[in-house]
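Letters are used for the chains, namely A, B, C, D, E, F, G and H, taken in the order the chains are written, and counting of residues starts over at 1 for each.
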Amino acid sequence: MADPLAGIAELDLDRTERRGFPEAVFCAGKTPEQVGKIAAAVAERPDLVTLFTRASAEHAAAVLAVLPDAFHDADAGLLAWPPKPPSPTGGLVVVLAAGTSDLAVAREAHLTAGFLGRRSELVVDVGVAGLHRILARVDLLRQARVVVVAAGMDGALPSVVAGLTAAPVVGVPTSVGYGAAFSGLAPLLTMLNACAPGVSVVNIDNGYGAGHLAAQIAAPVTEETR
Amino acid sequence: MADPLAGIAELDLDRTERRGFPEAVFCAGKTPEQVGKIAAAVAERPDLVTLFTRASAEHAAAVLAVLPDAFHDADAGLLAWPPKPPSPTGGLVVVLAAGTSDLAVAREAHLTAGFLGRRSELVVDVGVAGLHRILARVDLLRQARVVVVAAGMDGALPSVVAGLTAAPVVGVPTSVGYGAAFSGLAPLLTMLNACAPGVSVVNIDNGYGAGHLAAQIAAPVTEETR
Amino acid sequence: MADPLAGIAELDLDRTERRGFPEAVFCAGKTPEQVGKIAAAVAERPDLVTLFTRASAEHAAAVLAVLPDAFHDADAGLLAWPPKPPSPTGGLVVVLAAGTSDLAVAREAHLTAGFLGRRSELVVDVGVAGLHRILARVDLLRQARVVVVAAGMDGALPSVVAGLTAAPVVGVPTSVGYGAAFSGLAPLLTMLNACAPGVSVVNIDNGYGAGHLAAQIAAPVTEETR
Amino acid sequence: MADPLAGIAELDLDRTERRGFPEAVFCAGKTPEQVGKIAAAVAERPDLVTLFTRASAEHAAAVLAVLPDAFHDADAGLLAWPPKPPSPTGGLVVVLAAGTSDLAVAREAHLTAGFLGRRSELVVDVGVAGLHRILARVDLLRQARVVVVAAGMDGALPSVVAGLTAAPVVGVPTSVGYGAAFSGLAPLLTMLNACAPGVSVVNIDNGYGAGHLAAQIAAPVTEETR
Amino acid sequence: MADPLAGIAELDLDRTERRGFPEAVFCAGKTPEQVGKIAAAVAERPDLVTLFTRASAEHAAAVLAVLPDAFHDADAGLLAWPPKPPSPTGGLVVVLAAGTSDLAVAREAHLTAGFLGRRSELVVDVGVAGLHRILARVDLLRQARVVVVAAGMDGALPSVVAGLTAAPVVGVPTSVGYGAAFSGLAPLLTMLNACAPGVSVVNIDNGYGAGHLAAQIAAPVTEETR
Amino acid sequence: MADPLAGIAELDLDRTERRGFPEAVFCAGKTPEQVGKIAAAVAERPDLVTLFTRASAEHAAAVLAVLPDAFHDADAGLLAWPPKPPSPTGGLVVVLAAGTSDLAVAREAHLTAGFLGRRSELVVDVGVAGLHRILARVDLLRQARVVVVAAGMDGALPSVVAGLTAAPVVGVPTSVGYGAAFSGLAPLLTMLNACAPGVSVVNIDNGYGAGHLAAQIAAPVTEETR
Amino acid sequence: MADPLAGIAELDLDRTERRGFPEAVFCAGKTPEQVGKIAAAVAERPDLVTLFTRASAEHAAAVLAVLPDAFHDADAGLLAWPPKPPSPTGGLVVVLAAGTSDLAVAREAHLTAGFLGRRSELVVDVGVAGLHRILARVDLLRQARVVVVAAGMDGALPSVVAGLTAAPVVGVPTSVGYGAAFSGLAPLLTMLNACAPGVSVVNIDNGYGAGHLAAQIAAPVTEETR
Amino acid sequence: MADPLAGIAELDLDRTERRGFPEAVFCAGKTPEQVGKIAAAVAERPDLVTLFTRASAEHAAAVLAVLPDAFHDADAGLLAWPPKPPSPTGGLVVVLAAGTSDLAVAREAHLTAGFLGRRSELVVDVGVAGLHRILARVDLLRQARVVVVAAGMDGALPSVVAGLTAAPVVGVPTSVGYGAAFSGLAPLLTMLNACAPGVSVVNIDNGYGAGHLAAQIAAPVTEETR
């Protein structure tokens, strides 16, 4: 039988086996038609968790036409199939949004961690301009196996958080801000230069990447990695 | 008694308690005299592990004048006191150097992870120009709780490694390369844009930061973070 | 008779004789009216192959109004007249798209190579996150006289391909990706810094340029260049 | 009489009258001979405070050959004549150095504010990786009419300080750090993007500029500006 | 009672007490719904001055639906509640717009300073291409406690103004200009490199930040900061 | 009588006397209303030549509502009043457009030179990919008092032209091209680095600036500058 | 027997078989000791051509201590073993240096092509400021199977050459020039934006990469790639 | 007879005839030996004016060994042969140095204009921080046929000068300044964005280029360009 994705995509169906985490479909740069065909292929593999990331309204419509029950968060541009996340295992993921403007990216990380099998807690509007807000969450931070911090503008929150906890911090710079934020370059550089060790960084606005990494870090220890 | 560090530095002696990891002394930008005074203060706290990073020959001499038995790796610019790493706990850290030119940075990461209490294994010259070299290490990669990858030039190795293992990958771009590497900017961007999820990035040539982060990720699970 | 292109363009009609390859009309930055006038001039020279590149829907309509039978690939923004490519000569061109999002650029290269007289084969979705996909094509790669690789994000595929074949590799960075891809700058730098020798690079999203160059590299050896 | 500075410089001797602050001589890019001639001209105007900034050892020697009693701080690259600062007026200037590596720049700001007539207090090593250090200085911050913050790496301290005080904050990015600090670009961008309003920024390593500005902000209110 | 802002924002209601200046709501990156909910929370605190900055027409509509009497300046993207600025105290703020194209940003600074309690005067079209225009305002400049200068293109006006007055100058680069202005980068760099000391810089187009800072600099001297 | 431009603009009416060239109104960043008011003020000074540059369709409508007979070139975004250029004096200005895509910018330069009183000749599509086209114009180039060259992409034409003539060359980089042209940055750098002396550069797409400068260079020698 | 390169390097000895071209040792970033050990390993494989690139005087001494008869070109930083290039096969490589300052890089390309088995001809000082120089070499260009062009400053020569020949052009930007060449960035961008198709680009100053690529392009056609 | 420059350089001896201006030898990137050989070739053509630019002490020694009477200005890195400039013709060139740190570049421009046959006047230390200094030179500016302005830091002087005179202004950014001057990038951008029309720009620190261009602009009108 002809491969319906021929000339379009080659799904990496063994990824779950090889890496322990399923593939995601990055929608930006694909036509809705292409995304729809991929969704149709996904529909035939109910055993696999699949995420569709960076999905515009048109992308989402194409997916939902095939998988009408899929989970969809329009702000985060995320769809998931099957629509229920698995029962969580491993450690706690804490996701912080420095400001309300960072919320969409933080939600993408939070949801991704959940769909990849982790408990995740989301906290909003704890930027460094009012330190009392983050200081009030130190107990939560110390329970985390990993902390994801989404921040735009000065991107200063990861440095402060890393100074307060033993957990590794994953910084996600966001693209909101005034002109000299240069669409996320400023917080990206801030986070790369965090004066507290324990911060690493993923791409600008890449909530999916941060959530995936957090799910890996907080994964249960296996026989192989004991 | 007057503080001998007054006007120079304020050691963060509680960091071990607060974060579970000791402070390091970043020597670049400090005078050897300042570093020597800090070493003297350290000498009075044998209970704390202290690392001196980015130490030039002059910095090292100033430390060794006070702590003659300190561990010193000149290539990596690293000193440690006490000179023996603690007994390792937690998971395995694997550190890869894409080429021989990335070795100094990779050693800094490898040694840091060890002094912060982890088992660490260092593998050299496994760049993507000859894929058979990294493919021969897949078994080792799958035992790792975290993989650190130091790479300059195209910085492509973290993407490839992340596709081969469930462990999170910490990329450390290095500054060696031809002109358009722009002193590490090129591999930095490559790693931030890794097409395989599971890669996060620390600063250019920051082997210390990578090793510290790896030690956090591979730390034993505690009561609090269970 | 007045030149209908006066004040607009001066076609380089001798280019085929001088260089062995015909001129192409870069439509971006031209008005549809200007492109239409050029198409009219082209219509009078059926002996020449002419490509219209970077053609928007408006540009395409202006060309098709004059040359209704012209070949048109809307995704690749390409038109060709006459609509049939010549019989192929020379060596094989292999064009790879790292992901589905790179497909439009890869198609532009693939079609250009064909219209300039080469056999060309297009392979999709063979990015380095799942190495088995490219490793399964090694036999094809070794038959190629030249390999074109279109890749966005980390742009790592050309390095890997260059390590697998004796053929020269032409990298085409694409502009799709998260923020720190900086509209193609990241894969551009990656490819310029390829750790495997044998990679050269053309402009971001310039599938036409890659296909043209590939056609030149794979051209049959002439008396003059024997 | 011939002007001994002809063809070299034209001192702005009226600046004190026009602006209320004397001229400074920026030594970088001038030859020691040129600086020496300017010092000789200064020697004839004991009524004016003159600062020599960014003075290398050679520049300093040239000044001291003419003005042997001048004040000289080699770390900060600063000389002053006359060597005693005036009696302070106006409000308090507080200068913070995030780390020891920022000390030279912070001292330049601190000394400049003093020589321009302000009380100034210098505090070292209060970076955000250990928040308790800056929180312990809140009382001092609230007495300041202006706070100068010198910080390299992530440059996060000004944001935190601005959130703690009503005084305006002048950020001075410093050039010390790992590669992706890009010689001060990273903290410069951080400070420009401070999420707390009340931060403005001067040039990288420009302690003189920060100190001058602080002296202006904390100047006593005059009849004219009442 | 449930917090209506739960999961969206955490207002920093103590900021006035802590810093002496109220919080502002940065609308860019927030949805109109989120801004509307914040406006509703603000409506219950008539004792606090609140500014909404960077408000699009949609944001403004959401605010005005809840606070129909709020002050609104569409060009500056600013709303204020209560709609009347407080009686002014402290020194004079002078705001200059180098050209008409800089007027929106200058108005944002001017209005912000007024709503934060200062007298403010706005002067338009005094760029350095016709020096007589700024020279005619020297008397006004000398009455200012602080001067805000909004300028795009070459951003040269702050240097000239700083040479004419004892007051500190706050530069606000604007994003209008030809291509090599790079959306405000050019005037930003110009201002950071002002050859006259006394200039500091805020983010591109950040009239709010400039006005806030000016209000702080020109604030009345308090007991604490005497 | 109240100034109808109060709070909007301050026309530099003496510029013609002071500089010998009239003011132009840069429309980008101004509202159509503001431009309309300026046009109304211009209407009262028929003795002055006024150009409106970077005028969108809305700007143009606002001008033409007040000055219905004004000259308008929509492609170049230019309006002029009075609509006839003065009788030319001085030397010849030659304007070259490397490709058709550079024509709008080249026309802006050509028209500006004409309205400022020079003879100007425009030549299109003489890029370096077909050298015979520029070599065929060497005679014309040698009659020019100044040559303006508009070029995007590689921006190589000014170097070649400067090697062929004694006249100074004014390069105008244009923003058309593939991604790594970075909206005109690439040809801007090329022109700044021209290997043939005699090239200077104006801003990206700034045809007005190039035409103005050319008009100055080719101006008739006056008593004063003899 | 213990591997003398253990922990330093892993030579890719099969590269010749796999790719048809031998490995080269990139010396920059390696210590002379490391390079010396690699040379010793090379000494045992006389059947393989080995190049040492980017070799400083210290690197060269370390190689020559082990391989005293190795070929050494100090200007190009290149050593080769065995010292004689193989008998040439395939097509002609023409290498152009735009100016004398580009000669070292051009020589590296020229020598590399020779040691990898091609005929190569080197032509110096044919920059576009004096077009007659390159026009005098058109016959040679038309005999080439590939043309390598090393150029700094404006990097305009590849565009001109590509317009004159059917052969593919490999551009090598060099780092010599005034400040706004940004160490080779300017010619790099010029070449990426070449208005004539047929130009691809390698890294700044990477003569080795250009020569290697040229050797691949001009390689004799094999059974496999026929 | 063998060409002593074979393989090194090809002098463009016809340039004077073709362009009216002689060739200059750019020494940076050439070895002293190469420069010495070129000087020897020059020695045989006493009819040609030759400049050696960007000459280090070693370059200068190599030239002076062959041409001991050559003119040499070590600060400007310039040598000229024959050592006397020709009798001046054409209009006046005025060269301004904004500060003493810009003097070397300004002198290079001033000397170049003189050796290419123009009257030239050099004025030092007239930066915009003290406007009275440039305002005192308005009469001189109005006599100039062209004004060259060398400025670092904010690079604001050309905008101000262009507003004061009808003559074209050639801006030369210099590389002296604090960190965010980015080695001349800041003043380069400022000058490209000059708000007053009439400014064009040459490369950073390129005094030679500015002087050459000024000599062309101020050249006497010829029969051909009348």
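Operating definition for what follows: a residue touches a chain if its C-beta (ideal position, glycine included) is under 8 Å from a C-beta of that chain, and two chains touch if they have at least 3 such contacts.
These numbers come from a predicted model, not from an experiment.
K.L.:
Looking at B-D and E-H, which one has the bigger number of contacting C-beta pairs?
P.N.:
E-H
K.L.:
Turning chain C onto chain E with a C-alpha fit: angle in degrees, nearest 5?
P.N.:
180
K.L.:
Just curious, how far off is chain D from chain A if you go by their C-alpha centres, in Å?
P.N.:
That pair's centroid distance is 44 Å.
K.L.:
Quick check: how many Å separate the C-alpha centres of chain C and chain F?
P.N.:
From the centre of chain C to the centre of chain F is 35 Å.
K.L.:
Using mean CA coordinates as chain centres, what's the gap between chain D and chain G in Å?
P.N.:
50
K.L.:
Of all residues in chain E, which are in touch with two or more distinct other chains?
P.N.:
99, 129-130, 163-164, 177-178, 180-181, 185, 188, 192-193, 203, 209
K.L.:
Sort out which chains touch which and give me every pair.
P.N.:
So, checking each combination of chains, I get A-B, A-C, A-D, A-E, B-C, B-D, B-G, C-F, C-G, D-E, D-H, E-F, E-H, F-G, F-H, G-H as the touching pairs.
K.L.:
Can you list the chain B residues touching chain G in their complex?
P.N.:
The touching residues are 75, 99-103, 122, 124-126, 129-130, 132-133, 152, 174, 176-181.
K.L.:
Which residues of chain E touch chain A once you look at their complex with the stated criterion?
P.N.:
Touching chain A: residues 7-10, 12, 14-15, 26, 28-31, 34, 173, 175, 183-185, 188, 203-206, 209 of chain E.
K.L.:
Flag every residue of chain E that touches chain D in the complex, lowest number first.
P.N.:
Against chain D, the touching part of chain E is residues 18-21, 24, 91-92, 142-146, 163-168, 170, 188, 192-193, 197-203, 208-209, 212-213, 216-217, 219, 221, 224-226.
K.L.:
So in the complex, which bits of chain C are touching chain B?
P.N.:
Interface residues on chain C, with respect to chain B: 98-99, 127-131, 135, 153-156, 159-160, 162-164, 177-178, 180-182, 185-187, 189-196.
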